[in-house]
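Heads up, the next two complexes both have subunit A, just with different partners, subunit B and then subunit C.
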Partner chain A sequence: MKLSNSLIHSLHFDGAGDRWASIRAVSVAGVVALMFAVVTWRATTIALGGTHETSVASKTVQIAAKRADIVDRNDELLATSLTIDSLAAAPQEIWDAREVADGLATVFPDLNVERLVARLQDPDRKFVWIRRKVSPRQRQAVYDLGLEGLRFEKEVQRIYTGGSLAGHLIGYTNVDSKGISGLELAHQERLAAGAAPLKLTIDTGVQFALEDELNFAAEAFNIKGGSGIVLDVKTGAVRAVASWPTFDPNRAGDAVDDQRLNRAINGVFELGSVFKPLTVAAALDAGVLRPTEKFNVARNLQFGSITIKDRHPISSVATVTDILAHSSNVGTVKISQLLDLRQQKEFLDSLGLLSRPQIVFPGAAAPILPPEWNELSGATISYGHGLAVSPLALAAAFTAIANDGEMVRPRFIEPEPEDEIDLTRVISAPTARVIAEMMRTTVVEGTGTRADVYGYEIAGKTGTAEKPGPDGYDYDRNICSFVSFFPASRPEYVVLIVLDEPEAREGEGKTAAMNAAPLTGRLIARIAPMLGVDPVLEKRRSTSQKASGVRTVSDERAL
Partner chain B sequence: MTSFARSDRSLIAEWWRTVDKMMLTSLFLLMGVGLLVSLAAGPAAAERIGFSDPYHFVYRQAFFMTVSAVLLVGASILTPSWARRVAGVIFIGGFLLMAYILMFGHEAKGAQRWIRIAGSTFQPSEVVKPALVLLIGWILAQRENFPNAPWTIVAFALYVATMGLLLLQPDVGQSALLTAGFLAAFFVSGISIWWVLGLGAGFVALGGGLFALFPHVRYRVNSFLNPSDYDTYQVDTAREALERGGLLGAGMGEGQIKHNLPDAHTDFIYSVIGEEFGLLVCLALIILFAVITVRGIFTASRHPDPYPRAAAVGLFTLFGLQAAINISVNIALIPNKGMTLPFISSGGSSLMGSALTLGFALALTRRRPEISMRRFIP
Partner chain C sequence: MKRLIVISLFVIALLSVSVYRAKEGAQESEAKIAQLEKEIAAEKEDLRVLKAEEAHLSRPERIGQLASEKLGMGPVRPEQMSGEVAFDTKPVDEVAKEAAQ
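== the complex of A and B ==
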């Protein structure tokens, strides 16, 4: 009975309907089989490398050509571009805003959870920034949370690896990675094109030493500003150029104007007595002065109502060397009076001190000339008052003294071997050597003794300029500078230090002899080994150890 | 009459004689692969999540494999009518649990699909799914016996109620899967071709409407179609793993993806396999899944009774589609759904759900006397 029931059952369903059911079932199987076929094909093409269009690796390539790095002369990285992720959320894809916010708070502890929950629950928002510029570690931590509705947007960030190191020189970019200051602006096209890093002449070690010494000056002398330059006299390569207060291009927006000013290149100052060797050079080279000539410098000079006098008067006659070594204004004016005004002006012009410097740098400052080039202004300019120039322009002018009369144009980009060095003869080689000797004497026995460092034959000249104020020059507010090169017998580098309004330390004066000069000595003792300058085995002199007060390397080394 | 005497023999012997032994072998092979792969992905996952025992997930997987094997065999021993009763109990229990979790789940901080049982979490929807598909197959079959009752409506009502709970959780992947299983059973149970076309048109219209009306649906689709504009870290990483694996794989233990992807041991286990074992093993796995599914549906299609036929087709579809969808996500064919690979992915609920699905399916497709008898009827 059971069997017959079952048979009837079977017969009943073995009709047309049953057959259709089988066909339907088989067609379901066909659909599933088709899906597996597609999956098989796709897995095969991926595994055998057929398609790459969405791979992560190729995605990074799609980002516009990466802005070129900036490196120092030893390929140390100074500036680079990184692709940085910023975390965003699509609130409409998030079901549980609190879960997302609590999860993210474990990665970003300072996240305002309540505020984020409110923003994620706002039905009108399609897009919410959660955190701009997250680190790779944070990004991975967010991925590991496995939360819904989050995504990373890629942004390019310029990173200055040295922080404020050479910050003024390098400059910075805007949010669109376009250079807007410094070398970033000067070489915008080259950097934007990508490819090889831009190699600067800067030596990171020398740059650091220079900035460190300026920071020390800020503490020791409470300066308002400062700058320094280390310049290769053979090639014009600027090994270090710094301005204080420092500027960190990573935080360009936080900087105040005082920090932004690049005092070494973009500022001009009346630098004072550091001009005196140039005046002597002009007179010697014009043949109107013999090196052995003597001058009576005991009495002040009178130009109408203006009196020119010396800070430390020399009571008797003085040689040209004495005039430089003891920085006599009266003597220098007398020497300049041997020249006519046209000769003086042409000579300074040939040194590039009367026009905007011929360098590739945005905002390189043009000098401020006197309103009229007359007897008085010619006299004051001879000792560095009445003509304001940038420290870089002055340092460049002194390469002529250091380089046997040939002046070199400063450069910030490391030259290729085939590049020509831009040299201009401005004085004769014998004139240059005489001035170099006189400047060496200035350090050995004149105002620059605190700059002396055993082994590096520093030649230099102090400058203590009075700052122009509302009622003429102010005796108490000074720009103190020290221009130098070393070693004197075969100069390799010009070093210029300029300090704005240094204060006297206890028991000391506040002339350049007491601040800029010893600072230069210490700096050269630090950088000469880095620059590969061989020491000169000169005879040790007891007089070279005068530097005191500030920590001096020469003191510490005097064993 | 004599042929029925054989049914007097012991339950196990009867089961062994009638069950699809090739299918059973394939399933145990799959579980073996799953255990092997948990050795590859488990320690990395344990380290990533912070378990001190590197074999935490391996032991867990071995334990659940054993439970699942028992569940699989146990379910396949059932007769179709007992399977229906058991499925009914599981469905009602699971449905109530899902509703309970939805109502009180908020206290468990966002974990609305999970419930905690004896120290480990359990996702009731995994076992509700096969139970419901089986029940729907049976309910629809009743139309032939009792054509006057509103069986179609009942089936739809159960489907819609369960879908509602799933979408509230929300679990889009499971909803899609359930819909596919439901449609397969519905289709095979002899529904009019116009119904099928109508339903198909309805789903297309619904999809288009969702795309047009809801920005977040549009975002998902767009992010899939234009991956370069969006962040698709999981999918990209999975793809690259498969590329790195190539034909023969990077070698066992040499995979990278398992250290980087949060879901490497669950949703993206296929990529781990692709990276370490290569394309050939991947294709072998696809073939295994396809053979089980297609063979199962073919066997079911020859079944004389409408209930086992429709229900088994639905269950095999459930199983096959889940595998196909999971693999498709791994190879960036479709957007990420959050679905596991049956018998391979780590996770107890998923394993037990798969075991129950195939256990029911095996029970319904066991060779029946009726089937043998039919061959002798002219």
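== the complex of A and C ==
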């Protein structure tokens, strides 16, 4: 204002003409002053406030917010998230949609050109995804095309560093990095929060050995499927869990349903004679059976039209140990008949075999129970037919035998020191020890001799179950399994191997004694040092000759 | 009066230039920080990629094969392992006394 006054005073007013001139001068001065004020105001606001564009730093932070890694018990990386490029387009910046689409088709041969042209010409679209997660080579090829309106957006890609290793357990995510299978799904919230790595109980070395042995079984016995579990009997930590055939979660979309099925946790099977130690344990614990008792098992048993017989009949009187060691169906049914059906059912229920396993894993399979629990079903269940359970549920049940009667709940996440271990007493300690001894005898001189490995005192039980078909059980199609724990004198780990329809190798039978048992022996010989189990260096027995005599995996493979 | 106006205008101009230069400097610093943060993020990303590569290259399947082919190594046999009983478990002072005799 002062400036305007000074300007006015500095002008001379002489007559009417001069008056108009002075008015014009004041008007011009006013407009110039106004413009100057506007420019000054804008310059001041920009200088003080700056622009409101998002800073690069905030964009960087956005990309860095990623899904947490998954590591094994030794912090070996199993799953991580990496930033990679995805190709997008801004349709409004594209003049010739056809040219862009045709150009991109040279880089992405499977691109639907007509569909892309339609999307790029759609006036309502401001953003179009063209291809999610492109490789560096494809990215360079797109750059080289020099097309208009294209840009690369950073996206997060989940990478499974071990490929198919533990693929069934870890699971996988969808294109938006959301868990849709396995532990990726079970712990979606925890992983999406991007906190510290999720530490699994899995030991990469043990897991690989298990998967390697299942691969070997696939070649040697031409199995249709297989599964295996290594379970710490003290903590419930699952050190390895595998299902064959495997799949690579990096390319989960390429896998067929049969590959994606997790047979160890999500499948149920009638596992056969591996149930026999449980039947004996139930009878011993109920006080209806003495360990020294003997049974005449020479004759078959008849239930209406159903005959229960032994694959390898014992032609004499058998002790309870003989019944387990030589896997007598007749003897086991006779033992189960000492129990009433309610006792049998309650016992199996206490082992968690009649309900869905209490584990944090999507789709953990519930057992298939018989339509009616009667005398016949009770008899067949005593030797593992008529009740289908998941391999994981059975392995968990055997932690009770291995752990002086206390059963532990399996877990896949490494416990913190302050975490309590979920132990439940289901069998008395003396009963558990008697069964453990009987299972050790089964390996030393029974059907499990091929599982015997010097130094690790393996206790186990074979199971060769006939598979149910439309016309009843099929003698030629078997589920062969071997449940074991080691070392028998101070058990640390339960190992279960299940093979679906193994075929006989030349000159051998196709029972579990010939496939699942030796496989378990080889596996334990490989994993025991990794698990820090000290060998029990007992004097070598002559029975070792009868066993596989395997000292290294390569020895056996060379046979 | 005129002198006051001229001085005021000069001061205002000086302040404006100062503010502008301060702002300019701040923007430069912000850009530098943003650039550094971007570089840190890129380095971290590279680190993640390297860790992933390391995990991929050290997977048991590959290491086992290399150890077997190049070094002739195999799984440990029970006879190769010894517990603490294999070591002399006598107390240290007793061992020292024996050595002195």
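Note that the second predicted complex is superposed on the first by the 419 of 559 C-alpha atoms of A that agree within 3 Å, B and C clash if a C-alpha of one lies under 4 Å from a C-alpha of the other, contacts with A are read in each partner's own complex, and residues count from 1 in each chain.
Please note the rule applied: a residue touches a chain if its C-beta (ideal position, glycine included) is under 8 Å from a C-beta of that chain, and two chains touch if they have at least 3 such contacts.
From a predicted model like this one, the values you see are computed outputs, not experimental measurements.
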First, second, both or neither for A:V39, with subunit B first and subunit C second: first
Subunit B versus subunit C as contact partner of A:N329, first or second or both or neither: neither
First, second, both or neither for A:Y456, with subunit B first and subunit C second: second
First (subunit B), second (subunit C), both or neither touched by A:R526: second
Which superposed partner A:F152 touches (first subunit B, second subunit C, both, neither): first
First, second, both or neither for A:T441, with subunit B first and subunit C second: neither
Touching partner for A:F208 - first (subunit B), second (subunit C), both, neither: second
Subunit B versus subunit C as contact partner of A:L165, first or second or both or neither: second
Doubly contacted subunit A residues - partners subunit C and subunit B: 2-3, 6, 43-44, 47-48, 55-57
Parts of subunit A lying in touch with subunit B, wherever the complex brings them together: 2-3, 6-7, 9-11, 13-14, 17-18, 20-22, 24-26, 28-29, 32-33, 35-36, 38-40, 42-44, 46-49, 52-57, 59, 62, 90, 92-93, 95-96, 98-99, 126, 143-146, 151-153
Parts of subunit B lying in touch with subunit A, wherever the complex brings them together: 1, 4, 48, 109-110, 144, 170, 184, 187-190, 214-216, 219-220, 227-228, 230-233, 236-237, 239-240, 242-243, 245-247, 262-263, 274, 278-279, 282-283, 286-287, 289-290, 293-294, 297-298, 300-302, 304-306, 309-310, 313, 316-317, 320-321, 324, 327-328, 331-333, 369-370, 373-374, 377
Parts of subunit C lying in touch with subunit A, wherever the complex brings them together: 2, 5, 16, 19-20, 23, 27, 30, 33-35, 37-38, 41, 44-45, 48-49, 51-52, 54-56, 58-61, 64, 68, 74-79, 81, 83
Contact footprint of subunit C on subunit A as seen in their complex: 2-3, 6, 43-44, 47-48, 50, 55-57, 60, 63-64, 76-78, 80-83, 159, 161-163, 165, 204-205, 208-209, 212, 453-456, 525-526, 528-529, 534-535, 537, 551-554
